[in-house]
Each structure stands twice: as structure tokens, then as C-alpha cells.
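Below, subunit A partners subunit B and then partners subunit C, in two separate complexes.
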Partner chain A sequence: MRKREFLKFLLDNSVWIIIVVFFTLNAFLTPKFFTLLNFRNILIHSSILGIVVIGESLCLLSGHFDLSVESTLALSAVLGSMAVKNGLSIPLAIGIMLMSGMLVGFANGTLIRKLGLNAFVATLITYIGIRGTALGIVEGKTIWNLPAAFCFFGAGNIGILPVQIVLLAVLYLLFHAVLIYTKFGRHVYLVGDNQLAARISGINVDRVVITVFMLSGLLSAFAGLVMAGRLNSASPLFGTGMVFEAMSAAIIGGISLRGGIGSLFMALGGVVLLSSISNVLNLHAVSPYWIQTIRALMILFAVTLDSLKRRLVRYEE
Partner chain B sequence: MKSDGILLKMEGICKSFGEVRALENVHFTLSHHEIVGLVGGNGAGKSTLIKILAGVFPPDRGRIYLEGREVHFKSPRDAYEQGIYTVHQKMEEILAPHHDVAANIFMGEEITKPLFGGLLRVLARREMEKEAESVLSRVGITIDSVRRPIVSYSGGQRQAVALAKALRKKPKILVLDEPTAALGVKEKFQVLHLIKRLGKEEGIPIIIVSHNLEEVFEIVDRIVVLRNGQIVGECSPSLVTKEQVVQMIVGGE
Partner chain C sequence: MRRSPLFWWLVFAGGILLSFSVALAQEKLIFGYSAPGLGDEGQWNIQKGFVDKCKELGIEVIVTDAQQSAEKQNNDIETLIARGVHAICAVPHDSAAISIAVQKCNEAGIPFFTIDRGVTAGNVVLTVKADNVKAGAIAGEVMLRLLQGKYNGVAKGKVLEIRGQPGQDVAEQRAQGFHQVLEKYPDIQIISLPGYWNTEEGFKITVDTLTANPDLDGIYYHADLYIPGIVEGVKAVKGEFAKVGEPGHIFILGIDGNPAGLDQVEAKLADGVVVQPLRDYGALIVPIIVDYLKRGEEALPKPGTVLVEEGASWSPAMVVQTAAGLEIWTNVFYVDYLGAGDPNLWGNKPRE
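After this line comes the complex of A and B, so read on.
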């Protein structure tokens, strides 16, 4: 029994344990890896994906996919940059960006709950449609040279810390607390675990799901602001393929695609692990094309651990 | 026992599905502190009757009175809020498998406490765990920890948790649809024992739908037999034999 519980503890925290092992190994094997500057790089590299993963994780925990995150990110970046280029104030531009994200989320949630579409189909529609809208608005062109104040979230510093890293930490702490300590957070998990039971028990499933998608849109739009700031530009092709990275990170972190299982803290582990792996490949000058293969192996490994964990807790005669 | 007033009265209930007449002019009553067994063959109308009671669909004709007041259920939620708690064949279907026992018992009705002087409200975990433990021990359910997830418990224990969840609400009427159909022999016995306790010691009125006459005879105060959408007999299990009840179920002389 003791051994079983210990094993469960290891499996529950597998991502962070793998990260510790990975960092220790590379401290010896990879030159320049174990330096503060490089850790800073890894975290900066994690920030945009990390913010998107919060939203994706909320959706997955409630038992839904959100494919539209990357398109929302691009639309937000394009809209915000257009706004500041056309002389709107920066707070107003940021307001427009965040609103656009929440609107996409609201559309997703409504398509799913009120029209009864499958989450995959609903967000596939917005995934394609919103990317198309972003491309259409600027006719596929990239907007360059944004005001410095607009770039604060993606390129600024607070003291010695880059704003991106601070944002990553603050947002994870905030949303982790929301999920673990509030009634809303508990309902997100319950809806993901057994939607029917949640409904019978009086949980307003429509409201929970629509809110979750709106938060996901909001966070993706915010990630668009960070990306535009970091690159001092806005392209309608921002974040292409990012939804798969976001899902990989969440799954590697142990969030179940069936909903109701996993934690945001572990999803962050998934993000950091993915970033560290590409960082190491970079430092070894390995062709970045191999990263996909390695990511696939990581996912395979993660789901194997997951099924092992399920078997450990399940009741057996 | 049956003299202390009528709790539920269903009067002249009719229900058709297209050409099929599922219920015809059914009169059904339930008294305080009574356990009633609803028996009948397939298609006799048992589940239609309890679905009407649970608010799944309305009757075509007829009235329902709860504690003397007429009630109309537009949804299962309505019935639930009036204190009619229905648990279907697999009671565990109303549980969230990967959440712990306490979280399940309080699902949808989580207790919160103020934080930062009422600025925010957070889940009162300790309080819910304590109350969950007390509900479980009140009905004599042994579960080693309210912090373990439902998946780590056996079928019978899951049913017990589902019942505890119903009990915390202090239901006026508990409707059990084939509560033991999916269980093994030993677990069946435990769950029956629990239902009996709830009815006799806690005084909760129970309607139990079952195919199994053995268990019906063991726990109910009154048997109501349905056939072809009509009530064809009512009796006390102490006054009839199983053979007589079977005779009523299948019809003929």
C-alpha cells in the first residue's frame, strides 16, 4: 500500500520529476545549458505558449477541445496593431484585442452549448474562420514597428525580470488558485468528469462551458499581445500550428483529453519541458525539424504514464 | 404506520407515446415513512410512472399532489427541488468518478467561506469533508476516506455514496430504479440493508422499482403491481406469497 502510494505520488508529479532529471543530465552534457541566462531564455520561450496552454487546459479540464486558440491569437495581434497604427490609444487597442478573444470564446461556447455542436467541430469552424478573418483584414501582410509602450508586455522589463516571465508566473498562480479554491474551478472539473451528473446536481453547465471558452479566448488574445510585443510586429500567420503544441504540453503535463483530470501546475511543467527540449536541441545545433518527432515520443510517454496511473487508483476485485 | 397521512398522491395519471398507452388512469399514493415496491413486467409502465414523478416528462392527464399541494414538474430539476430524489439503475452515474467522495456528496452545492474579509469566496474543504463524514456515518456507510476518488471504490460503495449524496439533501421522497441490478451478491445485500435502514430508521419514504421479488419482499411495506399501464393489485408482502404476486404480474387467473 505504501509503495503504491509512493508510486502514485511519482506519477502524479511525473513532469516535474522528468524536468529535474532532464536539467541535471544536461547540466553535464550540454555546455551553456545550466546558466541563469539560459534559464531566462527557456522561460521567455515558454511564456506565449504557456499563456495559451492555460486557456487550452481550462477547456480540456471541462472536457472540451479548443482548436481556435492560435487563430484567436493572430486575430488579436492584427486587430491591436491595426488599432494603434490608426491612432487609437494603447489601452483602447488592448481592450479591443481582449474583447475580440472573449467574443471568439463566446462564439465557441454558444455553438457548443446552444447549437449542440461537438467542441471539435465548433472550434474547427472558428479555427479556420478566425484565421481567415485575420488574413483578410490585413490582406496577409505583416504590420511592422509598433509603439514601444504597446510592446511592453512582450519585450519590457520589470526591474531585472522580463515582463513575459512575470506574466507567466502571475497568470499560472492566478488560474491555478481559481481552479483549486473556487466554486467555479470545482465546477469546471466536475463538468469535465461527468457532465450528466453535474447537470443533475444543479450545476449550470452552459454557463461553465461558455465561461471556460471565453477565458480561453481571452488568454489567447492576451498571448497575441505578448507575441506582437516580442516581435515588434503583427502577422496574421502568428501562432500557426500552436494549438498542437498547446495540446501536447497539456497532455504531457497529465491533463486528460476526457476531461476532469489534471492540474494547471502540471501543464506548466509540460510547457517548460517542451521548451527545454527545444532549447537543448538548439544548443546542440540539432536541426529543429526533429523537434516534432521528439514531441511525439514525449506524448506517447505521457499517455503511457497516464494509463498506468489510472490503473493504480482504480478499484479492483 | 400508514395512518400518519398521505405524502404523495398521483391521481388519474395517463400517458401515451404515439399509439402506445403507457399508463391508463393510474392512482398511486405514498404515505410518510412508507417503503413501496413497484413491480411489473417489461412495458408494464413502471418506469413511465417514476419518470413522470421525476419530472422527465409530464403526464397527458392527471394530477400530482405533494403534501396536499398540487405540483407540476417541468424538468427533473423541478422535481429535485421539491424534494423528490430519483436515482436510476446505475446510481454511480450521478457521481463524478475522478473526484473524491466529499466533492461528490457536495456536487453543485459546495460550501464556501469568505476570504480577505468577504472580498472573495473560496471552497470550505474541511467543512465539506466533515459533513460528508457525518452523513456517511449517520447511515452507517463505511468508507475509509472521503478524500479518495470514486473510482477507487467498489460498485456497492459507489451506490452507497450516491445514496449519501441524496440523503444530505434530506429528500421528501427517494425513488430508486433497480438499485441493485448491476451489483454482485454480497454488494446487493449491503445496498439492500442500507435502503432498509434509510426507510425504517431514518424514516425516508421510498419508492423502489425492481424486477427482483426476493428483495422487494424483504424490504417493502406495500407492493404495487402494474400491468399494461394499469395498477392491477396492491398488497402487503406479509399477506401474500410470491407466487400470488407473480400471478398478478403476468395476469390470468
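After this line comes the complex of A and C, so read on.
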């Protein structure tokens, strides 16, 4: 029984165990890896992707994809930066950014639930359209040199801690609590696990799915605020390709593509693992021509370890 | 004298033929312009320069935006072929993938030109681009001078190179020129990492490399879009940013000369930038396309010649026959904070 419990613990936390192995190996193999400054760097690198992954994970847990996260991030960054550059107050600009994200999410949810479009198709439409809108608004221009107060969420510090890291921790704790301890959270899992059963048991599936997409949009827009602050600029190209990283992180963390299975804590593990891999490759200054291949091999190694562990657990049972 | 009906038929047919020829002679030229993605300052400006010159010469131009997708760019070009444009000019997103569309263009008899990047296969009449090897070499020479200044004339130090997309010809040539200059000095270590033309990636690379190498002396970037990420990356690791001339300053220089880049140079956040005349590529290539449609091959400049035009930022430009075809390599030049405010630089010109 104890053995089985131990194996269950291993399985439930597999991504974090892989991270421990990865960190231990690199403490010896990678110069400057095992330092406080570098851990801080890894968490900073994880923060923007991490915020996007919370939204993506909510969608995946409810049994849906959201491809529009990266475009929503870019639109939000562009809108907010233009707003502050045109003299609007910072709270108002942030309000516009977050509202834009929620509107995109509402559009996604409505297209899926009210028009009956497949989530992949619906969010593909917004993925294309929203980046196009960001591009059209600034005509390819990069907005830079933003007010310091606007950059606080991306580049500020609270004591010795960068705000980005604090935000990452707070948002994960908050949404983890929402998923585990609230009725809405349980409904998300139920809808993802079996939509029909959820409906029969009286859950308003439309409301749950639309809310999930609105939260995803809101978080992506917030990630846009953090990125604009972090880079002291905004471009319609922000976040290009991030949707694939977000999905990879969630899946590496064990969130099922079929919905209903996984936890945010594990998805965060996926984010930290991906960021750590990139960090190690940069610290080693791997050849520009081989860096992608090596990154792919490292991810494959991590996923294989996870798969082996699952097989081992099944065998032991 | 009574004319035969055949005579009148001939007059009628002649009249119709004459009207057709007049109509054809007066037909407005239509060019297609295929952009790889108008989401950055550089591509927007290349497109703007092309469209402006076409308008000036009374040419209609259809602009398409591939949105960083090689497949969409091929589709865009096929649409332009179907539209029956007289010539197509493209900035390839992917030099290999666009070759399929170039070959279709060749089959349709529509002359194909490129700006900024070449293509792998297919017949391209002419390519206009900056001398990227020279741009990289200029950056290398300036970096060498700065390092020698720091170390009392000794060529030594550690430099981070933030590249573009590995394999893309522009990124490769910018790397080639830089390495050609600095690799002669064994005590100068170059750390090369790919930034994939992504600002956030530039930030991460700067942060990680500075952590691994706190003694980093300089950063060379392949495009201005990296600058905000570099500046914020240095701040994130060092806690503050030492400007040009201040103790602890890390030399920062690169290629492009876009508004953000010039602004940072003027503000002494970066040491300087190698400027390429993006906005003037159109002014150079459009008249050549028009002339080519009239006179064919004769209109093209001969390899080995140097094109000169008083006051033009692309001048002097070298005409080169490469394996990829005929190319014009425009002038590139370095500006530091003293020259970064020049209103004639493309990055300082108003957008409209």
C-alpha cells in the first residue's frame, strides 16, 4: 500500500521530479546554473508564458483549445501602449487592455457555444483576426519608451523580488484555489471530462465554457501588459509562436488534451521545465544551428521519463 | 469609284486594331508587391518606399502581406499572377519555399524581382538588398575599435552576437561579415545565439549570457528589434544600465537603423547602428522594373558596375552577379549618437 502511495506521489508530481533531476544534473554540468541569480532568471523567463499557460490550461481542462492567446497578448500590449502614449491614464489603459482580452474570450466562447463552431476553428479565426487588428492599428510600428509606472508589472520590484515572479506565484495560487475549492472549478473539470453528463447534472455548460474563454483572454491580455513592461515596448509581433509553447508546457505538465485531467501546479512545472531548458542552452552558448535540435531532444527526454514512470506505475499495480 | 465591301471590312478591322493598340499603349502598369509580414518597422518601410515610387510614376500596385507564412506568400503570389500584374516584386519570407511561386511566375511570363533577400530556385531578374556582409564587417570593425579603446589598444574581450533566424541569408551574411573581422583576433571571444527576430528572445539571451559571463564587453545584434530586450536585459541582471561613456557600459551596436534603434543610439543607450537604406530600395528598383518591361535585359545594370546617384542613401551601390542571379548591393553606413538624429535617415522620416 505504501509502495502504491509512493508511486502515485511520483506520478502526480512527475514533472517536478524531472525538474529536480534536471536541476541536479545541471548544477554540476552547467557553469553559473545553480545560482540564485540564475533561478531568478528562470522564473522571470517563465512568468509571461506561465500566465498564458494558466488560461490555456483552463481551456484544455474544459476540453477546448485556445489558439488565440498569443494574438490577444499582442493586441493588449499594442492597445495599452498606444493608450498611454496618447495621454490616457495608466489605470484606464490597463482597463482597456484587460477588457480587450475578455472581449476576445467572450467572442471565442460565443462562437463555440452559441454558433456551434469547433474550438480549434473558432479560436483560429480570432488568432488570425486579432493579430491582424493589432497590426492594422499600428501599421507594423513598434511603440517604445513607455512610462515607468506602466512597466511596473513587467520590470518592477517588490523588495528584492521582481514583480513578474510575485505575479506568477499569486496567479497560480489563485487559479489553483479556484479550480480546487470553488464550484466553478469543479464544473470546469466536469465539463472537460464529460460534457453530456455535466449538462444532465444541471451544469450550465455554455456559461462555464464562455467564462473559461473570457478568463483565458483576460490572462493573455494581462500577459501582454507584463510583456510590454518587461520589454519597455509593444509590437504587433509580440508572442509569435507562443501558443505552441503554452500548449507544450500544459501537456508536458500532464494536462490531458481530452479535458478533465491535470492540475495547474503541474502545468507550472511544464513552464519551468521549458524555460530551464532554454536557459541551459543559452548558458552553454550552444551553436545557433543545433540549438533547436538539442531543445527538442531535451523535451523528448523529459517526456520519455514521464512516460516510463507511468508504465512503471501501471506495472506495479 | 465604288469601294468593295472587303475594303470597308479591312478599314473597320484596322480601326479596331488601332484602338486596341492605343488602349494597350495607354494601359496602366500594375505591379504586385508581396511582403513577408508587415508587422515590423523594416518591412513596413521597404513596402512604403516601393509603393511611394510606384505612385510617383503612375503605376498601380497591389500589396499582399504573407504574415510570416511561407505558404501564404506562395498563395499571395499565385493570386497576383492570376490578377495579371505586369511584374512582381517580393521580399521572400523563406528563400527556398518561395521558389515554387517564382517558377510559376516564370511559366506565366511575369518578371520576378526581389528586395532584401534572394531565392533558392527559379529565375529572378534582379535582387536589391543591402550589402549585409559589409554591414556585419562594419559592425565588427567598430566593435574591434571599441574593445581596443577599452583595453589600451589590445584586441581582446567577450562579445555576444544575437543573430536572426539561422539559415536565412540576411542573418548568415550579417554574421559572416562580423566574424570575418573579429576572428582574426584570437583573444576576442564571440558567443553567438539565435534570437529568431524576436524581441523577447533577445531579452532572454541577454539575461542568460550576462549571468554566465558577467565580464561581457559588448553585444552585437542583427536587427534593431532586439534593442528594447537588450536594454531591459542588462537592467534586469546588472540592476542599472550604464549609458555610452559611463563606467561599466557594455558596448551595444547592430544593424538596421529603425526609429527605435536610432532613438536608443541618440539617447546613448546603444553605441551606434549600421544603417541600411530600407526606405530607398523602392526608389532604386521600381524605375529598373519599368525600364525592363520596355527594353528587356538591356535595361539591367551590368555586373561589376557601381551605381551612383548624388544624395541617394543607397548610393554607391555595387552590381554583382551571384549564384542566385543579378544583385544590387546598396550602401550601408554606421551612425553613432552624433548622426542618429539626421532627418534624412529612413528611421527618422515621417511614416506618411
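Going forward, the second predicted complex is superposed on the first by the 281 of 317 C-alpha atoms of A that agree within 3 Å, B and C clash if a C-alpha of one lies under 4 Å from a C-alpha of the other, contacts with A are read in each partner's own complex, and residues count from 1 in each chain.
Keep in mind that, in the parts below, a contact is a pair of C-beta atoms (placed from the backbone, for glycine too) under 8 Å apart; a residue touches a chain by one contact, two chains touch by 3 or more.
All values reported here derive from a predicted model rather than from experimental measurement.
J.: Looking at the overlay, what does A:261 touch: subunit B (first), subunit C (second), both, or neither?
T.: Only subunit B; A:261 stays clear of subunit C.
J.: In the overlaid three-chain picture, which partner chain does A:31 touch, first (subunit B) or second (subunit C), both, or neither?
T.: second
J.: Given the touch rule stated above, what does A:304 touch, subunit B (first), subunit C (second), both, or neither?
T.: Neither partner.
J.: Between subunit B (first) and subunit C (second), which, if any, makes contact with A:183: first, second, both or neither?
T.: In the superposition, A:183 contacts subunit B only.
J.: Name the contact category of A:89: first (subunit B only), second (subunit C only), both, or neither.
T.: In the superposition, A:89 contacts neither subunit B nor subunit C.
J.: Please work out whether A:291 is in contact with subunit B alone, subunit C alone, both, or neither, and reply first, second, both or neither.
T.: Once the two structures are laid over each other on A, A:291 reaches subunit C alone.
J.: On the superposed three-chain arrangement, identify whether subunit B or subunit C touches more subunit A residues.
T.: On the superposition, C touches more of the residues of subunit A.
J.: If you stack the two complexes on chain A, which partner ends up touching A:283: first (subunit B), second (subunit C), both, or neither?
T.: In the superposition, A:283 touches subunit C alone.
J.: A:194 contacts which: subunit B (first), subunit C (second), both, neither?
T.: first
J.: Where on subunit A do the contacts from subunit B and from subunit C line up?
T.: Shared contact residues on subunit A: none.
J.: So in the complex, the part of subunit C that touches subunit A is made up of which residues?
T.: 37-41, 43-44, 67-68, 163, 166-167, 191-194, 198-200, 203-205, 207-209, 211-212, 225, 228-229, 231-232, 235-237, 258-260, 263, 351
J.: Considering the complex alone, what residue numbers of subunit A touch subunit C?
T.: 31-32, 35, 37-38, 41, 44-45, 48, 128, 131-132, 135, 139-142, 144-145, 155, 162, 227, 230-233, 235-241, 278-279, 282-283, 285-289, 291
J.: Applying the document's contact rule, which stretches of subunit A touch subunit B when the two form their complex?
T.: Residues 181-183, 186-187, 189-190, 193-194, 196-198, 200-203, 260-261, 310, 313-315, 317.
J.: Could you pull out which subunit B residues touch subunit A in their complex?
T.: 76-77, 80, 93-99, 103, 107-110, 112, 120-123, 149, 151-154
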